[in-house]
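The next block holds one structure in the form of structure tokens; read it before the comments.
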Amino acid sequence: MTPPKKPGDAAGHRLRAEPWYLPLGDEIEIFEAAYAARLPVLLKGPTGCGKTRFVEHMAWRLYRQADTERRTLETPLITVACHEDLTATDLVGRFLLSGDETVWTDGPLTRAVRSGAICYLDEVVEARKDTTVVVHSLTDHRRLLPIEKTGELLDAHPDFQLVISYNPGYQSVLKDLKPSTRQRFVSLEFDYPSVELEAQIIGHESGVGAQDAQRLALIGAKVRNLREHGFEEGVSTRLLVYTGQLIAGGISPRRACDVAIARAVTDDREVQQAVADIVDVLLP
Amino acid sequence: MTPPKKPGDAAGHRLRAEPWYLPLGDEIEIFEAAYAARLPVLLKGPTGCGKTRFVEHMAWRLYRQADTERRTLETPLITVACHEDLTATDLVGRFLLSGDETVWTDGPLTRAVRSGAICYLDEVVEARKDTTVVVHSLTDHRRLLPIEKTGELLDAHPDFQLVISYNPGYQSVLKDLKPSTRQRFVSLEFDYPSVELEAQIIGHESGVGAQDAQRLALIGAKVRNLREHGFEEGVSTRLLVYTGQLIAGGISPRRACDVAIARAVTDDREVQQAVADIVDVLLP
Amino acid sequence: MTPPKKPGDAAGHRLRAEPWYLPLGDEIEIFEAAYAARLPVLLKGPTGCGKTRFVEHMAWRLYRQADTERRTLETPLITVACHEDLTATDLVGRFLLSGDETVWTDGPLTRAVRSGAICYLDEVVEARKDTTVVVHSLTDHRRLLPIEKTGELLDAHPDFQLVISYNPGYQSVLKDLKPSTRQRFVSLEFDYPSVELEAQIIGHESGVGAQDAQRLALIGAKVRNLREHGFEEGVSTRLLVYTGQLIAGGISPRRACDVAIARAVTDDREVQQAVADIVDVLLP
Amino acid sequence: MTPPKKPGDAAGHRLRAEPWYLPLGDEIEIFEAAYAARLPVLLKGPTGCGKTRFVEHMAWRLYRQADTERRTLETPLITVACHEDLTATDLVGRFLLSGDETVWTDGPLTRAVRSGAICYLDEVVEARKDTTVVVHSLTDHRRLLPIEKTGELLDAHPDFQLVISYNPGYQSVLKDLKPSTRQRFVSLEFDYPSVELEAQIIGHESGVGAQDAQRLALIGAKVRNLREHGFEEGVSTRLLVYTGQLIAGGISPRRACDVAIARAVTDDREVQQAVADIVDVLLP
Amino acid sequence: MTPPKKPGDAAGHRLRAEPWYLPLGDEIEIFEAAYAARLPVLLKGPTGCGKTRFVEHMAWRLYRQADTERRTLETPLITVACHEDLTATDLVGRFLLSGDETVWTDGPLTRAVRSGAICYLDEVVEARKDTTVVVHSLTDHRRLLPIEKTGELLDAHPDFQLVISYNPGYQSVLKDLKPSTRQRFVSLEFDYPSVELEAQIIGHESGVGAQDAQRLALIGAKVRNLREHGFEEGVSTRLLVYTGQLIAGGISPRRACDVAIARAVTDDREVQQAVADIVDVLLP
Amino acid sequence: MTPPKKPGDAAGHRLRAEPWYLPLGDEIEIFEAAYAARLPVLLKGPTGCGKTRFVEHMAWRLYRQADTERRTLETPLITVACHEDLTATDLVGRFLLSGDETVWTDGPLTRAVRSGAICYLDEVVEARKDTTVVVHSLTDHRRLLPIEKTGELLDAHPDFQLVISYNPGYQSVLKDLKPSTRQRFVSLEFDYPSVELEAQIIGHESGVGAQDAQRLALIGAKVRNLREHGFEEGVSTRLLVYTGQLIAGGISPRRACDVAIARAVTDDREVQQAVADIVDVLLP
């Protein structure tokens, strides 16, 4: 068993290489202007459309390509995948017993606030409510993080920025952002890319040829139109890439579409058949 | 990692500079009279209308400009953003293990009660019920805080005052103040500022020119009238300031209104379009 | 930070001066007879009508004015404000880690049972159910407190008495006293004082003159009659005193009534207007 | 603060004097036969009708008057008032930290099982479900208590007996005994005593004269017939005794009935009036 | 206080004498065949019909009468009475603090898996869901218990067998076995014995004569037919034995049937009367 | 008591012998292609149809038969049976007290991520929601596991793969995979084998002859058609194997079908009878 590194050393993305990202509009300019004023940003959009990749790309641009010492920050992006049991304590930090005294350990949000990284809270509405409140004083003129357990009042590093995401498609009333939280963020909306752009992405990521990539992007677009079958979710770009990878690995295109698209997006036999019909028409 | 300061050193606002605040009515006089009699104060009002800034301003006036030794209190304002998991223990304090004995650590409310600061419980109805009861004996003739875990009976410092806030707009029946709590506070109601005052605020905080600030304030007023579209929440002054900051950062006014107003306040396409229509009419 | 006193030293009211109390009927005689037989007492009544002050007054009479050694008991009254998270352990006591052993620490109920104080559980139905059961063996012929965590069986001090309160006005079915608990208490019902008595109280507590005090008491009585506006709660004597304090502090009577009565008792615009109409008629 | 005794020394009733008890039927014979065969016993009946006193009386008869060494058992009766948060761990025992090792501490049930006392679980259906299951192996041919936390398998002392009680009057479906628990007990049903017997009890316990006692017993019987007013609960014998004590303490009989009967049993004005009418007719 | 034995020494049945058991059908042969193939067994049946006694009897047959070294296993049967708060940790084991290190302590299931005992989980559907999943890998070809807290992967002792029970009569939809758990067990269904067999059991266990035993068995059979009175549960064999014991102890048969049958099985006056009518007819 | 091995040594399948597996289609080829691209795999299918055995078989093929050093990995497969109380902490790891310091202990997922094993989360939708989110960053281009408690950012071993399973037959809306989780997996659907294949399996696993195995497989197929009786679940292959084992152990085929099929799959008398009718027809 490799020994774990010491707490606090390395939580985040080191971003040693540039994350490949194909812009869909002016999202890069808006994000740069928001970052310049250190305005918090909310990313909205369906699953698997590239929000996580976009944040990684922006962290690369704003840190690795900066002309300030920010360029050398070891972990410019700290990502937290939120879930129903994530608490403010998980974000901010806790006391741990070490030897015969308790030692404070920063959580991922506190590490970002101290070091000047971007903190990205993915699907923030999934988390417990105390987590959304803990970011309030970081997202107004105060830019400070009160650490209640230690009594510390931490002023945010000048480079710190907060980014959150959520998917409006399957939020319930119970899991919506409160207006008092929501009205603290500039909002960027994402959607699936156009067929041309998505074909480029599929080709780049899976290694299939241009014709196969084009066909898979077309299948993706058609599947996303299956509303009349009561199919709410589209197919993600990620699954189209998986399909390409299976084809590149020797699985027949029809079978690859079956296991990585039709059966992956739903358990409903009728929807699976509707997807199979689309594949039949579009594959040679 | 910068080592955290010792518990209890610094939780609160140090208020080194005067917080800018534009009065909307006689709220400063009422607050001063309430403070003179040490009456607890409840601030009601929508999100982002300036309640937090008002309390900071009053703490500056009543402490930094006082002619008593109160002037030198290091942290005259201790703010707690309440949430569903905040307990009385979080407010009052807890025992922590240190070396081989447990050491009592004051919570933010106890620190304010001991030192004579203003304690501001923001959105208090969000907290767990024990937190509202814990303030009862601080808000009547007794002015004392029983710390059940230590058996201490703490008399409040003569300068201590309690301030709480809540937003009547989205309180449910389950999250209302009980009459036995509510009838312990003088109540100040806040609303969004007039167009003229809000334009001043936007100009001061975002750096845009007077004409742009005036236009954004007008957009704000119109958006708050969108009741016929089922839009309950207005747009906060804070978002109008964000919009000004993006414009000042080079984003076109229309696009800035799009990402910092229309898409920030709602996910509803129809309401977003109604906001866009207002922007179209009011921007050149 | 002032160091907290040792656990167990000082939880309760020291009652160094006589608490001012104006009797409304024969409540003092009934309480004295109940105390003489050590019968438990239940105080029922609306918020802010003086129940807490009454118990303090009785503790002064029965201890500080006693002709027994009871007179010298340091803390003759131990009050616990009950809330939804209060458990029997909070009342009875717990083990705390100190150095390398755990030390038992009495809770407020146990301190009263040992020392012979009055224990006052305010709004007892708010507490968790185990708290009501823990008082059962203290409120029948047994007069003993089993401390389950230590195995101790504590006989109550001969002077110990239990007093509880609740507000029948806003109890729900879920938060009612069980008959097996309720039928262990002599019950005293409280209501708001008459206009004449309330004027005396307002004058005494706020420092306004007799005429202003009389007007505020009249306003209180009229506001309590606002049933036709769907207003269930009256205004507490405490808020009328606050209003007097603001007037004494230089705020105009109308504005003082606005912030300390109309907006303090409700968020409902219609009820606020009805209160304002009453104020308009009764103030010069 | 008197130091608490060591864990395990004294939880239970020492029964130094004979508890006064007036038999209502053959309950003493049945209990003795059940005890002789060590059959578990369930006591059913309304609140305040004497179930607790009966168990104390039987413990006196079966231990203090026994002709075996059982006579010298220090605490022949261990009573646990059950509540919604009582767990099997509370009954069986737990590990506590002492110095630098954890020490097992028996709970009240385990103390009774080891020492051969009667364990009386009052209002057992209020407790958490694990508590009812923990008694299963004690109430069949096995008569053993598995202590899961230590792995010990404790054979019950030959004198051990389990007694439980509940009040069928206000049990809900959610809080009923499961048949697999219920069918392990011989059941004794209790009801309020006849007027003649109750007058004897009131006289004995409160010190009022025979005529007053008779009147209070008659009032009790009439109040229990108030079904047509939607009044489900009767008045307990205990409250009638309280009334007698207040009268003996100098309070007028009408006022004593008001505070210890009418207002004690209900908050409903109509029921209170109906009780007052009964009192008016029966008091001179 | 007798000191508890060390953890792990003795949880289970030592089975020093043969448990008396009267077979109702071929249940002994089926169980022996299942044990020979080490197939897990599920016992279904109403409360008090003898499932626990049957498992004890089989453990005696398969261990104490075995011709292998299994014969000498000190505790061949480890029974766990399941309840709503029983967790997988309770079954598998936990770390306990001892001195200044934590020591792993096997739970009852782990002790059975290590030592080769029968583990009997009584009323398994009452337990928390993690307990049913923890037995999955023990009940298929793997026969292993992963102890997640230590990382140990424990291969079951060749003699280990798992037996569970439940009562289909009062299972709700919420508390049913999941098919993925259920389809891992051979199922034996139990019902109450015939009148002849039950009379034998009553006579053997209570000591009453053959005629009384026969009458009680007949009463049992009739009571179980009271479906038309909305009486779902029958009377257990155990209660019939209790009745016999009270009769043997001198209580009149009618009164014994009253307290140990009629009032023991129900609180419903009408059902109690129906039972009394049966008793009247069948007793002399 | 055999001492448990050290944490982290051995959680998983050591796979010393090849697990017998009969392919039903191209599932082996698809899995190999997915593994080659390290795509996560979701196995869907009813209980007891062989999903667990399939993963064991694939782990044998991909590790024990690999021509890389992967061949020597001690535990190539780490299986976690998910349940309602399984948390992300259970999967990722926790701090444990050892001597006088806390030591980090990897959970089963972390062990697989570090060592390059296959991690199989069986019935993943049963687990708490934080567990599904914790796998997100392992199932996209990042292939990393953030260990929030230590701050470590663990890059997955190149050989690591994640496999999950669920049973669409009894998932409720509350327990469905979120699209943001689901669209990260290639999906393989399993169903019961054909009669011919299932007869082979039954013969191989139970030791009965070919004719008996064929009959049992036919019974299985017929029972799975009992939809018209409201019987949703089929009978698992595992139960058919149990039936064969009982027959091989001397129990008559009819009785073996009764206890291992009819009574094992349901408590419903009508469905049990329908199964018995099928058995009557198909057995000699």
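Going in written order, the chains are labelled A, B, C, D, E and F, and every chain counts its residues from 1.
Note that in this section a residue touches a chain if its C-beta (ideal position, glycine included) is under 8 Å from a C-beta of that chain, and two chains touch if they have at least 3 such contacts.
Model, not experiment: these values are computed from the prediction.
Engineer: Moving step by step between touching chains, how few steps can get you from chain C to chain F?
Structural biologist: Counted as steps through touching chains, the separation is 3.
Engineer: Starting from the defined contact criterion, work out which chains touch chain A and chain C both, please.
Structural biologist: Of all the chains present, those in contact with both chain A and chain C are B.
Engineer: Centre-to-centre on C-alpha atoms, which chain is most distant from chain B?
Structural biologist: E
Engineer: Rotating chain C so that its CA atoms sit on those of chain E: what angle is that, to a multiple of 5 degrees?
Structural biologist: 120
Engineer: Same or different for chain B and chain C, where same means more than half of the interface numbers show up on both copies?
Structural biologist: different
Engineer: What's the chain with its C-alpha centre farthest out from chain F?
Structural biologist: C
Engineer: Would you mind pulling out the distance in Å between where the CA atoms of chain C average out and where those of chain D do?
Structural biologist: Distance between chain centres, rounded to whole Å: 30 Å.
Engineer: Which integer distance in Å separates the CA centroid of chain B from that of chain D?
Structural biologist: 52
Engineer: What residues in chain C touch two or more of the other chains?
Structural biologist: In chain C, residues 8, 97, 100, 106, 111 touch at least two other chains, as defined above.
Engineer: If every chain is a node and every touching pair an edge, decide which shape results: line, ring, star, complete or other.
Structural biologist: ring
Engineer: Okay, in this complex, where on chain C does chain D touch?
Structural biologist: Its residues touching chain D are 8, 26, 29-30, 33-34, 36-37, 39, 42, 44, 87-88, 95, 97, 100-102, 104, 106, 111, 114, 128-130, 132-134, 136-137, 140-142, 146-148, 150-154, 168, 171, 178-180, 182-189.
Engineer: Provide the residue numbers of chain D that touch chain C in the complex, in ascending order.
Structural biologist: The touching residues are 1-2, 4-14, 47-48, 52-53, 75, 79-86, 90, 96-100, 105-108, 111, 122-123, 126, 167, 170, 205, 233, 235-236, 238-239, 242, 245-246, 248-251, 255, 259-260, 263-265, 267.
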